[in-house]
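Okay, so subunit A shows up in both of these, paired with subunit B first and subunit C after.
Now for the complex of A and B:
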């Protein structure tokens, strides 16, 4: 009730404007989700009725199921590796002087601002020069590099607020360095570590450019969708897209909740 | 770890400790022996090196020179987690993600004490410090005073050879602080643990300690019982830092066969160390000065400029030939109104020797 009352105080042009933005943002998604349940292969209105035929199709399509598996492997691996590397990097830089730390963070953030297309082409050339074949592993390595800055940003912000005198208290009570880390530091920063891991998984799950240039035969889900759009407007991609949307937005949602809950 | 406590050795010995941060010396040639079961306070202004000294005892800082012995064993190079002392931190540093019970049991668990024994000892210690009712609360849901007690329990439950306390009461409000001072003292007496207490609050140190060490500028200036520190300070800094002081200079002369200090034409007592013909600095505590009607022989003469009623005492400001003096008298005494002429005198043993005056 109270929330409603607060809404009433917002002037109507603002509501209209925000509504328009949201519509523009979410209408394409809504259309994909809607047509994934369409009983007809026609991707146009009028809507002819609901069915799960496209979901049945994609989950029985070996090519799609395999790509789902690859995407899942890529997401989990990217998430785990970036969470571990990001935590280690965060712990490494937290004690540095603010100047050195600024410099390290600047270089660590480069992959975030670097054009993904250039990065992916560069990576592909590099792999070829090194004689590394294009594969899922090659793609995962690229995705790790891409998502590491996001993870480091979240973890280093958390560590900046961590009271390291707690570690002294643990040492005073007889804990060795690793034991103190495991029982004090890690539990306190864990929400941020898990949150950033989920963020990295979401980034990996719908990553296209690096996968396009380096995956070779190991096509991930976004590559399969792209292939199908190219050949003909296959309605099954709506179902694939919806699955991907549900997974990534669930990951991003949990990630946001995790990192904001951590308020120490 | 399980060195048998040797009760014939002092609890803590510091020998020739030097510590500098870069070019800045923090502790200079410090020797100190703290007895078993003693409540010892390190008192001094901020930046005097008292916390650094405490952290060296805890094993968080290591001296540049000198040695530290705990129960007779050299621990100079032993890091904090292998020393049988525990520290109560100024800001408590309770683990916010754990319950009170787990906080207090942390040290025992690290040392692999059996589960059942941990539970018993934790419960007992929580009762001792009076937070038994909060055992299952999270540490970050407690008030300052409760956190303070939990921090104390978390350290004491390990039965340390000495408990180190770094200004543990400074974050509490005055009333709670006063109560905790008495409680800390009674807990210490009950357990018989050696306490090393760092504070900048002289009243706190006087109230709680068996002995006090006064530090300034990295040096330990005097070690003594509260009475010694207050009554016979060894050093002008000590005299001034602990309690209030009326300090002034007198001319040392032989008056009627006795060596006396002459102020304003009247002879006053001076320390036996004072030599004739010199100017000497002496001091008298406000409550050791007597105030009475003008015209008394062998007294200082002055005029009351201010009279303050403090409940239990009357506090006068008196303008004299040696400057303004603060004098305290019992509240039942005759009140001397501002403007009235008075005499001020004191007993011979009230004189604090501050040495020869530097011209």
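Now for the complex of A and C:
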């Protein structure tokens, strides 16, 4: 009887609901991963067996491998530049009065909710007016704008919890400004800086819209994938999609673990 | 200026310059372009309002705008409801596991934009996964044409991609309402759903509004999802804008459509915020 009572107390409707939502969120991704290992080119059930043939195909395809290289360059550059700009700006924002701080953060967050399509065509028009050609560099410059708000958000959240009395104490004890920064501020904010850098890399690797309008011939991995979607039955797309997915989710996963307030 | 103010200004300078040069300036140029004239396949800085006249009076574009607002409103509303209950359940009912259940959502938010659209394409296709599963279990005899047939596939795919964007602000807003307040309401005779509606909803309403607004903006400017999952009758205004920057090759008209979209969104969502603020007070 007691066991029955405990069984009844389990919130089954809640568990079912959360399970259904998570299943809905991850099912499409799981399907792409599953069919990337399919031995048949057909993308339908019944499943006919496992094979690595699509991975062999994409890793020996010069077009795909080159695109992977470009995507890697874009991700690393975006990550580094955003982390530097975001950390500096985060340190600057902490020193402001709370009213100015609110206004600065509000403007800094605009690119996060501004539609990517409109930003991308704006960039395309801008480059045309400046006479700058479309290239990987042009795309990276835009992707930095898109990930900067996320980096700034993570860094300023960390700095908000930072006790500045530590710095004052160090300065009172005779430490120079740079020495205090290097030995106190930096070690405390470093996990957030690295975490947000990984997040920026994930955003860049997955980014499609800015790349579509500004990369020109320098096609990144999502652009190659897009180019193949309209060609009928190209099962290598599943493998490209899985590679993209594994890279971005791994980066986002590590980043979220490093930066989330409540550790798991 | 105090010395630490100067330091703060210097620290903010690089990011500010970068923002102005690569976000502010491009958008200003885009607005300027919406007044340009198209001549012999070239765009010249000759002031004209023709692009706006076309964007605002043409029956075709009005149809696109109305369809876009309808699809976005449905998507954002469904997301707000699903996200509210997800946040509610993980914050209160499954409280012990809330960090983990939130973490899953957070991770799924970053990555997989194109991969998801592609996945839905293969799920909904005539020879796709949904049809092959339904047919092999004998539920249907003939394949259903779910793709390029109405807005269903587009809305499902957009809910799938933008749901985390809705959960984020609602979950954050709920962290300010303790489980004690819910228990108190239940002790006073409120049902579980009643507690959700009467106690949590008003307190989390700001989060729900932000979730609706974020997803509405994001979906109203969608173009890839309708392009890959919808038929010609389901295309959104983003598709028209992208077309003018591609095969249509009329950038000034595309720019005018883009500016119009931003103005429409700002007016609608500004009105929404005003209504919600009055209601809460």
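What we mean here is this: the second predicted complex is superposed on the first by the 248 of 264 C-alpha atoms of A that agree within 3 Å, B and C clash if a C-alpha of one lies under 4 Å from a C-alpha of the other, contacts with A are read in each partner's own complex, and residues count from 1 in each chain.
The rule is simple: a residue touches a chain if its C-beta (ideal position, glycine included) is under 8 Å from a C-beta of that chain, and two chains touch if they have at least 3 such contacts.
From a predicted model like this one, the values you see are computed outputs, not experimental measurements.
Undergrad: Touching A:59 in the superposition: subunit B (first), subunit C (second), both, neither?
TA: neither
Undergrad: On the A-aligned overlay, A:14 touches which partner chain: subunit B = first, subunit C = second, or both, or neither?
TA: second
Undergrad: Should A:47 be classified as contacting the first partner (subunit B), the second (subunit C), both, or neither?
TA: Neither subunit B nor subunit C is touched by A:47.
Undergrad: Of the two partner chains, subunit B (first) and subunit C (second), which one does A:188 touch, if any: first, second, both, or neither?
TA: After superposing on A, A:188 lies in contact with subunit B but is clear of subunit C.
Undergrad: Residues of subunit A touched: more by subunit B or subunit C?
TA: With both complexes superposed on chain A, more residues of subunit A are touched by C.
Undergrad: Going by the contact rule set out at the top, does A:248 touch subunit B (first), subunit C (second), both, or neither?
TA: After superposition on chain A, A:248 lies in contact with subunit C alone.
Undergrad: With the two complexes superposed on chain A, say which partner A:206 touches: subunit B (first), subunit C (second), both, or neither.
TA: Second partner only, subunit C.
Undergrad: Between subunit B (first) and subunit C (second), which, if any, makes contact with A:174: first, second, both or neither?
TA: first
Undergrad: Looking at subunit A, which of its residues have contacts with both subunit B and subunit C?
TA: 264
Undergrad: What does subunit A use to touch subunit B in their complex?
TA: Going by the criterion above, the answer is residues 163, 165-166, 168-176, 179, 183-184, 187-188, 264.
Undergrad: With touch defined as at the start, can you tell me which subunit C residues reach subunit A in the complex?
TA: Interface residues on the subunit C side: 4-5, 7-12, 14-16, 18-19, 22-23, 25-27, 29-30, 33, 82, 85-86, 89-90, 93-94, 99-101, 103-116, 118-123, 127-129, 131-133, 136, 160, 163-164, 213-214, 217-218, 220-224, 228, 238, 241-242, 245, 251, 254-255, 258, 261-262.
Undergrad: Using the touch definition from the top, list the residues of subunit A that touch subunit C in their complex.
TA: Interface residues on the subunit A side: 11, 14-15, 17-18, 21-22, 24-26, 28-29, 31-32, 35, 42-46, 84-86, 88-89, 91-93, 95-96, 104, 107-108, 110-111, 113-119, 121-126, 129, 141-142, 144-145, 148, 152, 199, 202-203, 205-209, 213, 222, 225-226, 229, 237, 241, 244-245, 248-249, 251-253, 255-257, 260, 262, 264.
Undergrad: In the complex of these two chains, what residues of subunit B are touching subunit A?
TA: Subunit B reaches subunit A through residues 58, 60, 79-82, 86-87, 89, 91, 93-97, 106-107, 110-111, 140, 154-155, 158.
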